[in-house]
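First chain written, first letter: the chains are A, B, C and D, and each begins at residue 1.
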Amino acid sequence: MPHHVAETERSQAPAALVAGVDVGSSHTKAVLVGWFGEPGVAAGLLAPEDFSARVCILGRGTVRTGVEMEKAARTALEQACEAAGLARRAIDYIAATGLGRYSIGFRDIQITEITSDARGAFFLFPHSVAVMDIGSQSTRAIGLGDAGRVRQFKTNDKCAAGSGSFIVRAARYLQVDLESVGDLALEANHPHPISSICAVLAESEIINHVSAGVSVPNILAGIYDSLADRSALLLKRVGPAGELVFIGGVARQQGAVRALERRLKIPIRVPEYCEHVGALGAALLGLKRVLATARFAA
Amino acid sequence: MSSLNETMPAAAEALIERCREIVDDLSLGEVRRWKQEHPGARAIGYFPVYAPVELVHAAGMLPVGLNGAGDRLDLQYADARFGSFICSIVKTTLEMGLTGHLDPLDGMLFSGICDSARNLAFVFERNVPAKYVEFLHLPQNPASAASTEFLKGEYRRLADALERLGGRKIEEDALRASIAVYNENRRLLRDLYGLRAANPHQVRTSDIYLLQRAGNFLPVETHNELLREGLGSLADREAKPRDSVRIVIEGAFCEQPPLDLIRLVEDAGCYVLDDDFLLGLRWFTGDVPTGGDPLEALASCYLNHSVYSSVRHDFRNRRHKLLVEKTRRLGAQAVLFLIAKFCEPAYFDYVLFKRELEAAAIPHLLLEFEEKAFTFDRLRTEVETFVESLLFD
Amino acid sequence: MRVAAGVDVGSTQTKAVIVGEDGGVRMLGRALVDTGANVQRAAENGFLEACRESGVEPESVGFVVGTGYGRYKITFGNTQMTEISCHARGAHFLFPSTRTVIDMGGQDSKAISVGEHGEVLDFVMNDKCAAGTGRFLANAAEVLGIGLDEIGPLSLRARHPVKITTVCTVFVESDILSYLAQGKKPEDVLGGVHLAIARRTVSLARRVPIDPGITMTGGVSRNTGMVKALEEVLGTKLQVNSDAHFAGALGAALFAIEKMGESFESGIWRPSNATPRG
Amino acid sequence: MGETQASEYRSDIHRQQRDLMLRWYQRLEESAHGGPPAVSLMISGNCVELLEAFGAVPLYPEVNALQLAIRHQSLDPILAAEEMGYAADNCAYVKADIGAMIKGITPAGTELPVPKLVLCNFVGCNTYVKWFEHAAEFQNAPLAMLDVPFLRTAEPRAEDVAYIVCQLKEIVKQLEELTGRRFDYDRFREAMRCSARVEEAWSRIKHLARRTPTPFDAYFDAITLMGPLYVYRGSPEGVAFFELALRELEEKAARGEGIYDQERFRVVMEGPPPYPFFRTFRDMFAAWKATAVASTYSTVGGLWEFGFRHDPDHPFESLAMHMLAHNVTNRNYLQRYDQIRRYIEEWDADGVVIHFVKSCRLFSAGQGDMRGYFTQQLGVPTLYVESDLEDPRYFSEAQIKNRMDAFFEALEHARSTGTLHRGAAAIRHAPGGEIAPAAADRLKILQ
């Protein structure tokens, strides 16, 4: 992770402590950030680099979302606090994002996952021009404007083809565990294309491939290729190509990253904690709000 | 969703509630009532976008604007006739016909706004027999020297058919009177739009939408009264101006977005300065002359003084230029495209609109909707993101 | 007795039926195995198990017709026919009054209009997207952590079925979860799911004439909740029995008997290289 | 099923057709370098005779789109267009053409000119209007509308004809200004004369398909002849070509030769073909030895087999009549039902195959009802398959083959039980003759 994201403890306590909680369809993620600048500085007046330089990520948490979203959010937040060695009540402000953002009763503000993704990605890689977020059901391409603003975005809306749950299913049919699918695909020598776009119906095609003797890496690589094709379509619609930040749970899978690289032929950055970028972005936006309010300045 | 902190005067609230009931009544209760009160009189439905309602009115009939059935009617038959890749309104209109919801109507007017709607006219005719079905060709070449004459002929043809159906002649004076009362209607609607554009924090778009749409089912005279009432009471709402983005909505000229979606757009932080909802009701940009030959007046106004729309072609005045002009004139910050799923005319226009807006550095967002949708999580996320991208620093 | 077989290699399950003819035609036995990864193997296993159940030697089966999406993979079959023809034929055999077949399987749903002799008059099918298929139901069962054979009965207990909007089999997971999060009862959620699919299926089925004598076939016919939901939307009773899941294989077997004709040819059974185990 | 390959008819016609189309592309290239002026025109009920009178070359974007698809080159331009903002559900013909224009791709590799005028002959398809508006915009070319009223009454009205004639004359003036050439009335009438001869030959070719076996497939083979029909109809080359084609096919018919050694099924085709999978699609019919004896698609440019001919004595009026009433795109949907019905009866067909194309709402919006009309009201076996005419992503071979096989299995079964009827006998009114089955079981309205 880049320079300013030192997760080591700071000797001084942060001047402001803000949490971002991203309630996704499969996982809920929390990130705690601290402000180590002077109180009273309106964030809007700082250049983005100066703002970033005074922010530190202090802790993270992840839990399965399940049915009770608020509970998941609380647990993720507690994990993050524990990691940071800080008490929950020390938190000044909580920004909620993700599909379940409105279910979090204890939020101070809600921000969409797209805005959050953009801010988080910009914070980590200020030179990138676009973000690709592939989560369990959603695929989002975001074109970045100045200071991490969303310039344009496209999401898949009606159909889950090409999203993370597609991979989860494929892994299940192929009897490979999810942690290793990404690396396994790298062993492919002759990727075998998948024609069905449906995450569900692809099953029989995958099974056909297996029975036709196609190797698991080749099948997986074929799936990643089709995923990359769909993502590339979305990406092209959000603006000119340039450095891309790839985030969301699927970015953890090397096979997906390589397939996107092959398809797009542009540099791709994957943050170490790729599924926490949304929560991070929410926290950062929350922090800006805090810095702008009288409560903090006083 | 956080609802706005505000109070509405009781009179306005009752008015909107009444409109809502009228709009939600799929069995066309208002039309049935009107027919009971006017024994023997006919009601004629028309498919969006534009229909020469003045002629229907002058024939002593009730023109009824159809805007689909929203999520209140489950498609059981029409899907089989129209299948995939066709917009909802085509199917809901047919479904309403097949399931008896349109029984109070004696006839239907269609025009060639798009290929789906045009084919619908004839499929409707076959499947819902015993109704008078008329298809009008509204000229798409207003620049020709022959178009006014042609359109007059087309209106004459309709008038003849209506006369046969109603068993009475359409007198020129009656037609002039009808034009006048619809001029009044359009004037009131323009005032309503003006009121909102000037006070978007007070006048909610969803309210004026209902007030407007109720006019589909009411005699125009009654609708005019409601509009006057609304103009008097709507602006009295107490509401604080909020941090909002001032937008223009484009693309929903035919199939209508669900009311909840319109609310959602406002709640997400948009002040709507103009929209193209229910465009047919506000078709003419000024009054239709009430002197001279009324058919000529109607035809000439259609050709030369209509609003721009994705389904009316006038190569002399290009829509994408007009949209940019309108956005600038109203001082809007952005354009929100609300496009019905599978609405090909709107999809096509988006390409040129987009190009022109980008050249003018006006941000925009494209959303697709279906009238039958009733959950909007994804759309909400998109509108909120859009607002955030314009408001957050 | 002349003996013939039909093997229906479906996306999820493979069905095999043996029929015999002496005087009249009757069903001798049937078998159901999971299709799994090896389609060919599943077909063989299904066939052999059905033989065993019928008490006939595989070698004495005179003709085999393959059907279902994996029909071209059946190496020992004599010919293939589409599942549309087979379901129509099978349903007609089970219920001679059949005029309409609604078949809901794992990957597709179809409606077939059937003539007096079980011939196909017209058909429609939906198969590009898993929305509204057996997979949709299987997925819902999985999300709720309930067995496939329990969701139907449970859905019948729904008092206030929820409204399901999404058609995507994947997205429906989060719909279900968010309904549960709102405190909705699993039976109401399931009621909504079943109703949504029933509506979709009926609206598809209306593309062919739905004449009285409606028989339901395919795996989903085992789901009592779905049968009930379809009956509700259609406003009429469906003919269904425990053999309905086998209608495709049965129809194939009936065609096989017919095709066998005079040229009775015994001993067509040639197992593929790996000897299938029993 | 036995894999019978379609024995496509190959002969002089094919060589000449190739040459003619190549020459067309060459003329377009010349036009790009100061040669004859090019004018964009739409195929539907086109008025190519008007261009002949200026010595102008027609530029048909549809032919370009079709060529790209059939050569498997359509996906890239489609994707390029989608990047520009076109929707997944826009007509892919338009997307392929505009995308190719932007990317500088041409089907024959030859240069295409910027037209002197983008003449939008709005004959039925609303999508055309958008297409031409965009084409003019992206090429920076002048744009004109020729608004043809839709055929909404049984017969065209005098007002309709007058409106079109007036516009035609306005366009003549505009073309005179834009091309700097004078409108040559004699040449115009000569073009009408050529057209009438071509139409006569073409119509006779179509009537050959009434024989059993048919010497000519009125869907797959017709497409070969349709290029020259649109480009050369008003010219002596066109006359020579079509008269040769007629002779060849008449000889073939006289020998009793069909498409297959034995013709088994005769169908009427509705809807455009899936160009990206043209061969594959044809082979699926060939596997069952099924031929198309008539098709609505081959009447997009003009419907002549029922008798209409251009009239050199009333050139403007007859152009107007042609655009109004004698092509499939400007005729209303129910008139299309009647057209197909006539084909079944007079061309002796066993059934109808409806190819739903996602792109084209002109053809496909309502085809479900059309299917209902034929199966339920008339009792004619009808198959409904879905894909696209330009976008390869919407063709699923396994699914289409499955449906096709099921359909022909059913026809075969019906034939074996003696319930398959051909031609007029196929049209047996459904018991009760209910007009719309859905209307029959209408729900009770909730008051």
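Following the convention adopted for this analysis, a residue touches a chain if its C-beta (ideal position, glycine included) is under 8 Å from a C-beta of that chain, and two chains touch if they have at least 3 such contacts.
Bear in mind the structure is a predicted one, so any value in this text is a computation, not a measurement.
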{"item": "Chain pair, most C-beta pairs within the contact cut-off", "value": "B-D"}
{"item": "Whole-Å separation of chain centres (CA-atom averages), chain A against chain B", "value": "41"}
{"item": "Separation of mean Cα positions, chain D and chain A [Å, integer]", "value": "50"}
{"item": "Separation of chain B from chain D, taking each centre as the mean of its C-alpha atoms, in whole Å", "value": "35"}
{"item": "Set of chain B residues in contact with two or more other chains", "value": "76-77, 79-80"}
{"item": "Interface hub residues of chain C, defined as touching at least two other chains", "value": "69, 128, 206-207"}
{"item": "Residues of chain D touching at least two other chains", "value": "85, 368, 372, 396, 438"}
{"item": "Chain contact topology (line, ring, star, complete or other)", "value": "complete"}
{"item": "Of chain D, residues touching chain B in the complex", "value": "84-87, 89-91, 94, 122, 125-127, 129-130, 133-134, 137, 143-147, 149-150, 152, 157, 159-160, 162-163, 166-167, 170, 332-334, 356, 358, 360-362, 364-369, 372-373, 386, 435-436, 438-439, 442-447"}
{"item": "Of all residues in chain D, those that touch chain A in their complex", "value": "79, 82-83, 85, 396"}
{"item": "For the chain C and chain B complex, residues of the former touching the latter", "value": "163, 165, 199, 202-204, 206-207, 233"}
{"item": "Chain A - residues contacting chain D, complex", "value": "195, 233, 236-237"}
{"item": "Interface residues, chain C side, partner chain D - complex", "value": "69, 81-85, 113, 115, 117, 119-125, 127-128, 206-209"}
